[in-house]
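Next come the structures, one after another.
You will see two complexes here that share subunit A, one where it goes with subunit B and one where it goes with subunit C.
Up next is the complex of A and B:
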């Protein structure tokens, strides 16, 4: 009769289903209560927890939580605490649009915020406009300022690629060389680099010899490098995705001791330790940085405050784990965007979703953002017409396995004529 | 880059890819040949091999060589044990019914992938190669001074990539010796030919199945451990090897080990060469076209036995 005392497979399955249903319950109740508690300001955070953007997502989330804590410690926004409602979008445009719907309809969020990857932004922004949900992106892409998106989408925390490359091209052309081969990821963000850097370097009398597009999901790269023409003086590289370390290592193995000048966007090594084996060849090469990963000798008190708040050491890695290197050149955008949202909500006297249009108008009215604890990357000018912010850029050289800032561009270096006036669009 | 060195680089890259692909596809082919099971979770066993290699090397201290050797032995063993357990717990209970095993292995695919995501996380993590010297390769030209050697820009490989090729060849010889020269190989071949008769002769077919399923997964894991110092361990890395393995196994002939090896080298090399000269997308398109052609004109594969 022993087998009678054992649970049958069906019983176990029923039990497992019950456990599953029970564990789902707290979520159900949370959604049911959403809306009835209007006390906190809810910021829907579209985060790349999985998919090719995961390394950025992890640090965007840490930065966001740290900034929200600072804001709440200072008394919140309009006396109300800030609550970050994070949802994983899988670095996927379709999922991104669905996440925005969840924010608007299920979580009752006031605004949506925090997206990095340009294809997710471009896929989600039309839905944000349909939902009439202010959508603050931290993406670098030129898609906001190009006029491709809509009045509900703003980028007040990070400079766009067009401005970045235009600001740096003169320095590259006069210090590194004029014959350039570009290697970039084959999606919207990479295409911004292709189009705007090519134009910017040609304006300096330079020439782009070859443009090599690589899918961001690629895992092996040596096969692309023979397309680099022999007469190349500079290889301009920018890569994203889970295999960036392989990309840079294989580039080093390909060139050996005879490398041309390398100028990279630090995207190619975001979240990667410069001390990783195989990266020794980068010594002496140059990188763009949105914000210097290694604390510089002239570190500002703002940078120190920002590092301390998130828990980052002077090498740009997590305090508790030196292997866990941050995406330092990008994530300041989250911090600064949240403080800009705070500014906008306070100056518009934001009370709830009915004030969303007033919030956007208030942010559009912002112009100067002085360097401060709220804007630790540096001073910025926000252009309310194009919904795009303009900041300084850093060019750093690898010295002793650390990046040292060699040149800081001015705000004016990055200006270009407006391509859109979103303020003329109706809400 | 001139044509000659360019072609040589393409072939070297292709050979490394073919080596890893051969091991992975061999595992898939073995499982199908003996058990008639289409294992959709094969790519996830590959991924597990890479993730375990990262785990083992980061747990162990010591030199990269010791860490990597441990991973090379332990990771395929652990993956093999897990696959054997999956066979015992799942596939045996659906009686190896073709449709139900496909659905069951799809389920297994998602379980392994999501558990990896929940534990190991979404990051790509590197494993240090045990040795990795860049080897510049010479090329020749007939210039004014007659025959001369020179070192073209970019024509190089690394000692580790050569080791991958060597390790794959040794493993292949090992598998062949096992199948052709040992008693266990005889039992495997008997089970492949006719499992009912084999059972009638006292062969414990169920245990053989668990062993074969484990071996197939271990071969995939071995391929992944070899590749992980070149690429990195990531929870989504199983998709490409699965697709390529199916392409190889269909072209080579399901269940034919010889066909698998030939097709893996063909696909790996052509993928490498076409990727270097044209684009990786074109390489995948041509491989898929070849599969379609094989299915239309030679459904049993290049080396598969004609159905009786």
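Up next is the complex of A and C:
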């Protein structure tokens, strides 16, 4: 039996190779066609299509494709069309690094872009520097501004967690209370919240009464709630992952109608419909939003243009399926990053990989990003030294199953002293 | 023995030659494949030659990686001694795990190794203050220098990976031909009989665990050094399953099989992901077919049909 299988397996592999070659044909045709006018600028998009980041990755991809279409409709970059070359990184740092190599050495991409999960960014960034491939991440991690990475890695489209958390503290302390209990997942994301918010609320005269770390393997949370001190005025929660619905439901059952104020990061409920059973308990509670999921009464024309371009309704869901809720608080980072890349390439007169260093210098020179169709989330300031953008944040309250913006922070609320100057590093 | 030496030295020579002719993308892939194949070869000592099925080998890879990474970043050791600390950490870890886990057999052994591995993963998260938990941390390019050589340079990295791979490959080739290796194979074939013949089975199994864990740890430390990243994802369950898959695909109990399996699996994922988004389905179907029709793995078939001498 086995004797006959070897050729069959070979045939399978040969067939796969043939299918692979065939699938590349449309690209070849396109290049041949484009080549007569101008070759496309190839942007390698490291996308979480599988693995734990897939829910985000799907919307990052949709946003990216929409932004690329807008850019191409406007004439492309330096008169050249933009081509998005997407590769699944499996939300895995090893595969992420491999994908960067593929962009640089096989696809011939000009830059790499789009990564969300911090461990994939950190696992890939050393390779970006070694390959001398500009790497624009959309991760909101503090890893870029902390100085951990390198000159080739930039985050110009989304603020980092340190800035976000710090910007929340003044309003929280003034409006919700000063005695806080924090509940967070016991891994790096949760630790960032623990450390940055504790410092920020104390700077506002507040106090963290208890820090309750939930192990990542936990599936039931009831046993943790009795650890919340009675005098707690606000419960600050940032649980993420599939157990978040259980967390909210059990928290509701524990507190009943006598709950303290609740403040959370919408990361917990990105892609989740607020009308989901079990989330009723969140009515009246507050959330950080990177960008308001629900179209507000004072919606800007920029937000409308952005929603229309991606195909999102006023509730932050896909136009074709109201149940398909987007990751609205984060995915604007893809849109804005692509437009920043466009700015950088145009101001540096980018022609090809030999201009990569000029591109990075041009992006480092960008400072102000006014609110616009290109930056629909709000105005921003890019810090060229730390490679990190700073912007406004939104605090929203759940009212009738929707989130209504109650406060927009200032840019200054999110500032902190520089921790690195990447411009001093050589290329 | 001559044929076998020719084959294995020939593979090393081929990989050496590929350094000069492989296109950049495949050149980088081969460096990574050689490191991961070393991990798989370490796994093969336990699984392929001794018959001990571990579901927790990610722990050894991760302990080697973190032993190297933390000693370089926290203690400020240069990369050579840090690499040594990585290997030593994996050796100590495998000795402790072996002493405890070998009190069990069969399914219980699998579960115990799986649990130990989970413990290592959770320990890394628990000490997030220094390990940076699930995010991991970078080994700076300036740290990755040895004897004036920059290990982040593509050529140096390739040769460093080839050196590790060659040492492990030839070391295991020597092991399986040695009296100790013969006893390990005897234990795999019939443990009771080996015991009756007077061999100290427990001690040999412990030696297999320690050798296997140490080699896997060396691969983990090498990955951190050569690719500049240390992260908790390498201690998670998938990285315990991968070496099992690579070894099964390439041929358990063959010296060269783990390399073939790692190479095959890498390009299977890489090529199928260019064809379809559902590449894991393609990979899954092919793995099922291989399991059904090539139970001894690719090199197992070669040994059965054409090269009975294959070690």
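Simple rule for what comes next: the second predicted complex is superposed on the first by the 361 of 427 C-alpha atoms of A that agree within 3 Å, B and C clash if a C-alpha of one lies under 4 Å from a C-alpha of the other, contacts with A are read in each partner's own complex, and residues count from 1 in each chain.
The rule is short, and it goes like this: a contact is a pair of C-beta atoms (placed from the backbone, for glycine too) under 8 Å apart; a residue touches a chain by one contact, two chains touch by 3 or more.
Since the structure is predicted, the reported quantities are computational estimates derived from the model, not experimental observations.
Of the two partner chains, subunit B is the only one touched by A:258; subunit C is not. Residue contacts after overlaying the shared chain place A:50 against subunit B and subunit C alike.
When the two structures are aligned on the shared chain, A:147 is found in touch with neither subunit B nor subunit C. Applying the stated contact rule after C-alpha superposition, one finds that A:218 touches subunit B and leaves subunit C untouched.
Contacts of A:246 after superposition: subunit B is touched, whereas subunit C is not reached.
Of the two partner chains placed by superposition, only subunit C is touched by A:92; subunit B is not. More residues of subunit A lie in contact with C than with the other chain of the pair subunit B and subunit C.
In the superposition on chain A, contact of A:278 is made with subunit B only, not with subunit C. When the two complexes are overlaid on their common chain A, residue A:102 makes contact with subunit C while staying clear of subunit B.
Residues 49-50, 215 of subunit A lie at the contact with subunit B in one complex and at the contact with subunit C in the other.
Taken together, the subunit B residues at the contact with subunit A in this complex read 1, 6, 9-10, 13, 17, 117, 121-124, 126, 128-129, 132, 134, 136, 153-154, 156, 158, 230-232, 234, 236-237, 240, 272, 275-276, 280-281. Considering their complex, residues 23-25, 28-29, 32, 122, 125-126, 128-129, 132-139, 141, 152-154, 227-229, 231-234, 238, 270-275, 277, 279-280, 282, 286, 289-290, 293-294, 301, 304-305 of subunit C touch subunit A. Against subunit B, the residues of subunit A that register as touching in their complex are 49-51, 54-55, 57-58, 215, 218-220, 222-223, 225-226, 228, 230, 242-243, 245-246, 253-256, 258, 271, 276-278. Against subunit C, the residues of subunit A that register as touching in their complex are 1-3, 5-6, 8-9, 12, 16-17, 19-20, 23-24, 49-50, 87-88, 92-94, 97-98, 101-102, 104-106, 118-119, 122-123, 125-127, 129-130, 141, 143, 148-150, 186-189, 191, 215-217.
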